[in-house]
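Look for chain A in each of the two complexes below; its partner is chain B in the first and chain C in the second.
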Partner chain A sequence: MPQSRAYIWFVGPALLLMFVILLIPILIAGGLSLTDYSLGNSGASFVGLENYERIFTRSTYEKMFGATFRYVFVVVPLTVGLGLGAALLIHSLGRFGDLYKTIYFLPVMAALIAMAIVWEFAFHPTIGIVNATLERGCGTVLERWGWYAQGCARTFPLWLNDRDYAIWTVSFIGVWQGFGFNMVLYLAGLTSIPPSLYDAAEMDGAKRGWDRFRLVTWPLLGPTTVFVVTISFIRSFQVFDMVEAFYPQGGGPSKSVYVMMFAIYEKGIQQNLMGIGAAITVVFLCFVMILTLIQRWFVERRTHYV
Partner chain B sequence: MSDAALSAAGVDAKAAGLRFNTRAALTHAVLIVGALIVLLPFYTMVSLSLKAPHEIMQQTGGFLGAQELFRDDFCIKLGNAVADCMVNPIAYNYSTAFEKAPLLRYLLNGVIVTVSIFVIQVIVALPCAYALAKLRFWGREAVFALVLFCLLIPVHAIALPLYIMLAKLGLTNSYAALIIPWTISVFGIFLMRQFFMTVPDDLIDAARMDGMSEYAIIWQVMLPTAIPALMAFGIFSVVAHWNDYFWPRIVITGNRDLFTPPLGLREFKGDADGDNFGPMMATACIIVTPLIVCFLLAQRRFIEGITLSGMK
Partner chain C sequence: MHSAATRLRRGALMSQISLKSITKAFGDTPVLNDVSLDIEDGEFVTLVGPSGCGKSTLLRILAGLEAADAGQVAIQGRDVTAIRPADRNLAMVFQSYALYPHLSVAQNMMTPLRMRDLDRAGRLPLIGPLIARAAHRKMRDQVAEVAETLQITPLLDRKPGQLSGGQRQRVALGRAMVRAPVAFLMDEPLSNLDAALRVHMRAELSELHRRLQATFVYVTHDQAEALTMSDRMAVMMHGDILQVGPPNDIYLNPASLDVARFIGSPQINTLPGELNGAGGLDLLGVTSDTRYVGTRQAVTVGLRPEHLNLAQQGRLSGIVRHSENLGADVFLRLEVGGAPAPVVLRAAPADARGRGERVAFDFDPNDALFFDANGARVMVPNAAREVA
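This part shows the complex of A and B:
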């Protein structure tokens, strides 16, 4: 064979980089998580599982998990639901649909850090457009709503600086940014459904739109949904840009927005507590890998790569 | 057919048409409300980048602002006459964006980093993908299994050990630090391998008959066939790294000459008092615009590229 040993030179560099950049760091993180290492110190002492114990007992980390899961469990269902909803509506339109698609996809393209700064301005309690708009509704029927009347009587929420609202406001921005991505994936899924199936379903008596959705669209979108849900989980677990931009120190009002990536950054980079940072990294990786393995399990019941 | 039946059918058709129309109208109404919410921050961003500071603080001036000249207090502080310090809001915002921080330098850094990352990713991934798809060798299945495993690892998540490694090598605060972690794209390998699987073996055999070396086959035969897939991957890669904030934030500490656009914007925010909202929004506009314009020009390709990960 003329191909000889050329493959070594083809696969070698990629293999080497995979080990150095992806695999060895995981081992390093695993190793460091058992120590109290700091960058610049000559040595480190072995502390066993102390770092993990801290993560699962201290209230700071309880807040970290609380904030992360709140964010994830708001953003994932909403981005998936809104993505599917927008895709169904746009798909039913035909003409003009492309215009909406373009608009809804814009946030995916824009640098999140830039848009986060704009949202921060929009949510500004005194000069932001959100509260200014809400104030305009004062004195109308909206005041019948208790929350609204309270806002008019005193002030509307401080949003990002209000510990009861901060995590939800950040989640809202996450949804705003992410649902267009899911919409596009769902649109691709929808166009691959053969129209003849709808005709067949209609002949079998599925006259209402809801029946057609339940019997044809939803089952056939199954693989798309599995993928969309997984990638939404992984993306939302990694939320960082907004949190760092809004709250450079400490993770928001009474740590209510102290998400995991920010905790890794704060402990490891800002405070040079590599041991605890590495332990959070390991926990984080476990979450992500479990999620992806669940997805693979779903997918591999249907398709095979090789 | 009797007249009555005909007119009944007509009424039916009209009713159906009406129902269809109200339905479409409702759909549009919902989508338009959604579109307004999606566009709100873009509107705010562009609008604020055009207005004078007092218009921003008092929320006056509509979208464009009055565009009256206003007094630049900083200019007066420098000892200039008041008449020389009257500036137009747009000119003030955008020129401050470029003057206060080396924004051009940041943009250039962004281009250098994203382009280098993409080029290196291709140089590493393409031969590997070719070998995995078209060559038979011992351990091929193991390598591919490894690629599939590495797809599980988000690089952001292992930032800490990567940072320690780079720090030990003395590489933080360098272009190398910005580029190295991204040189290997297992996703790129996987994607190109799937693509090469669809290229007929005859093409490669013919090239071998012509006496081409395996290297030549990769760069002269496989590369041209892979252009569409590469473009999609390129868009995916460039968008991700132009917008990336987390990694530059970690490895670039203080050396402004190496700031990428998101870092530059973040720094602007750090010292923003009321007067700086206009220039800050101008900076945001400048950073966001290149990708948005490319996206609007080549929408289909962009959507393909960004959703490529859907093929996993």
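This part shows the complex of A and C:
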């Protein structure tokens, strides 16, 4: 044999695994989304794009997109912003930096199911610490704020069980849980900025902190930011365990917290409607794919320096 | 080009930098011990010394990027010890060049002008150039002029990542030159370049200094750079300035053994000898005449390789252990009886001998430098070589 086939042994295992555990399941999901298959049924009939048509027309799924995008567009900017802010503050600290790093990173490491129970107590309308604290403020200047006066007069919001507040409360917990992760990524990005650039900026007359941030810190964190934003988007699209812990039955008050992952779980697993579950999965994968392509574009175009 | 020179000259007219009793320690490690240095207007002063001698720290203290524990920095007669770097009106070229990687060459060079000459509105992206149109045009002209001087005009639109080391070095110089600073501070700017380019840039920096007639403060560990470029050099070791003076003076007339050893390549030969107090020098069993009169004392005799010459009738002899051919000169490394280390001698290629051969050589005692047990120079009156 003149030509060595050794390369097959190098590439083969990775290729095989990629097909078996990634590509084939995705193709199967794509196939299932065109049927009305449900687990246990011997056969399934081909329904074409009916499942997709449902996703984009029925009000349940409209709520699903509403909840998902509300969550994503609150959590992503806030986790990125707070992550960067916390990283900048910690980076400027000498002594207690490690302590703060640990504190802010704790929620990332904690099991979200356990944390959900704690938050559920905290947000409990009558015995929760949040409303109890708010009630203490009644009768003070805070009552000048209309919303606060209303809360004192009647009751403060039910938070997790109020249709108007639930998704924002869940988003708040998502931010609390997620920004520590971005902070760690930004801290790594900050340590990789050569200190001589700050010296150069000072010599060039960048006197104010904001000037140095604009001239050095922010541009050099560009690659980090692209990564952080992408990963935050994907993580936010994937939110599931918190919703499952708070609302095991059906996605919150009037389905206001009916996020995509929960919808997949409810349709595909709880109601055994594999076809529609697979269709939502495919839509979800498309979102992730678009985000990844945008990230690639940024990495190659804008932030590629050296 | 001309106006750049005159602009810089005007800005630098009464420039005088004075460092007084600068002391600095990093934790328990002393870095600078009571160092003082005065730099005249338009001078090219080099701080030279081995790594860790505190030369870069001294430069950073002068720039204001590091705060001295004690001492005073004055620029043009004004005490700037407590003034931040941006307000000291100095420009600096860094060893790593420290170019902003996301900005083009032109934008990099424009940054010092943007930061100093534009207000906040004028610095805004997109609409800034519309608000402060005249200021922006002036800045672009200044950048173009400096780029022309440094021959980097074709590079103006590139990013630093697309440039070679030598080109980046020029851009870093350009960024320093667009303003008219009191002085240019350079922290080992050539050490990241390859050997050929380094020699070339040495000549170019000297030329630039002549043209700008500005004050240069240059830090290097390479004694060759210090010798070739500077008007005056300050030799630093262990946080002290050992000697300040013109390169030739320091080379021929070092104040101490440390300076003599550090300046000159190959290194000066140091041999144990004795001044016998009656005008004689005993060295390797040979007695020569010197003008030294005084107490009899053991000394270290310093003889530079070019002060040893091959001679048929030479009083000293040694066996060639190694020869280094540099084309114009050959350096012979000789094993000499009684000498603790090999003796290096410079010879013309025609006279050089092969390995293992015994050669005779001699020296003029007036060329010899004497150092006492503490490494301090023992001065010999009226020595022919005395310059100072």
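Keep this in mind: the second predicted complex is superposed on the first by the 284 of 306 C-alpha atoms of A that agree within 3 Å, B and C clash if a C-alpha of one lies under 4 Å from a C-alpha of the other, contacts with A are read in each partner's own complex, and residues count from 1 in each chain.
Going forward, a residue touches a chain if its C-beta (ideal position, glycine included) is under 8 Å from a C-beta of that chain, and two chains touch if they have at least 3 such contacts.
Model, not experiment: these values are computed from the prediction.
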| item | value |
| --- | --- |
| Contacts of A:Met203 with chain B and chain C, given as first, second, both or neither | second |
| Touched partner set for A:Val141, first chain B, second chain C, both or neither | neither |
| Contacts of A:Ala153 with chain B and chain C, given as first, second, both or neither | neither |
| Which of chain B and chain C A:Trp119 touches, first, second, both or neither | first |
| Which superposed partner A:Asp211 touches (first chain B, second chain C, both, neither) | second |
| Chain B versus chain C as contact partner of A:Ile231, first or second or both or neither | first |
| Chain A residues touched by each partner, larger count belonging to chain B or chain C | B |
| Common interface residues of chain A - those touching chain B in one complex and chain C in the other | 305-306 |
| Chain A partner contacts - residues on chain C that touch it in the complex | 60, 63-65, 84-87, 90-92, 94-96, 98-103, 111-112, 115-116, 159-161, 175 |
| List of chain A residues in touch with chain C within their complex | 194, 196-197, 199-200, 202-207, 211, 215-216, 219-220, 222, 303, 305-306 |
| Chain A partner contacts - residues on chain B that touch it in the complex | 24, 27-28, 30-31, 34-35, 37-42, 44-45, 48, 56-57, 59, 124-125, 127-128, 130-132, 135, 137, 143-144, 146-148, 150-165, 167, 180-181, 183-184, 186, 189, 194, 208, 213-215, 218, 239, 242-243, 245-246, 249-250, 261-262, 265-266, 269-270, 277, 280-281, 284, 287-288, 291-292, 295-296, 299, 302-303, 306-307, 309-310, 312 |
| Complex interface listing, chain A residues touching chain B | 2-4, 6-7, 9-11, 13-15, 17-18, 21-26, 28-29, 32, 39, 86, 89-90, 92-93, 96, 98, 100-115, 117-119, 121-122, 127, 129, 132, 176, 180-181, 184-185, 188, 224, 227, 231, 234, 238, 240-241, 244-245, 248, 261, 264-265, 268-269, 274, 277-278, 281, 284-285, 288-289, 292-293, 305-306 |
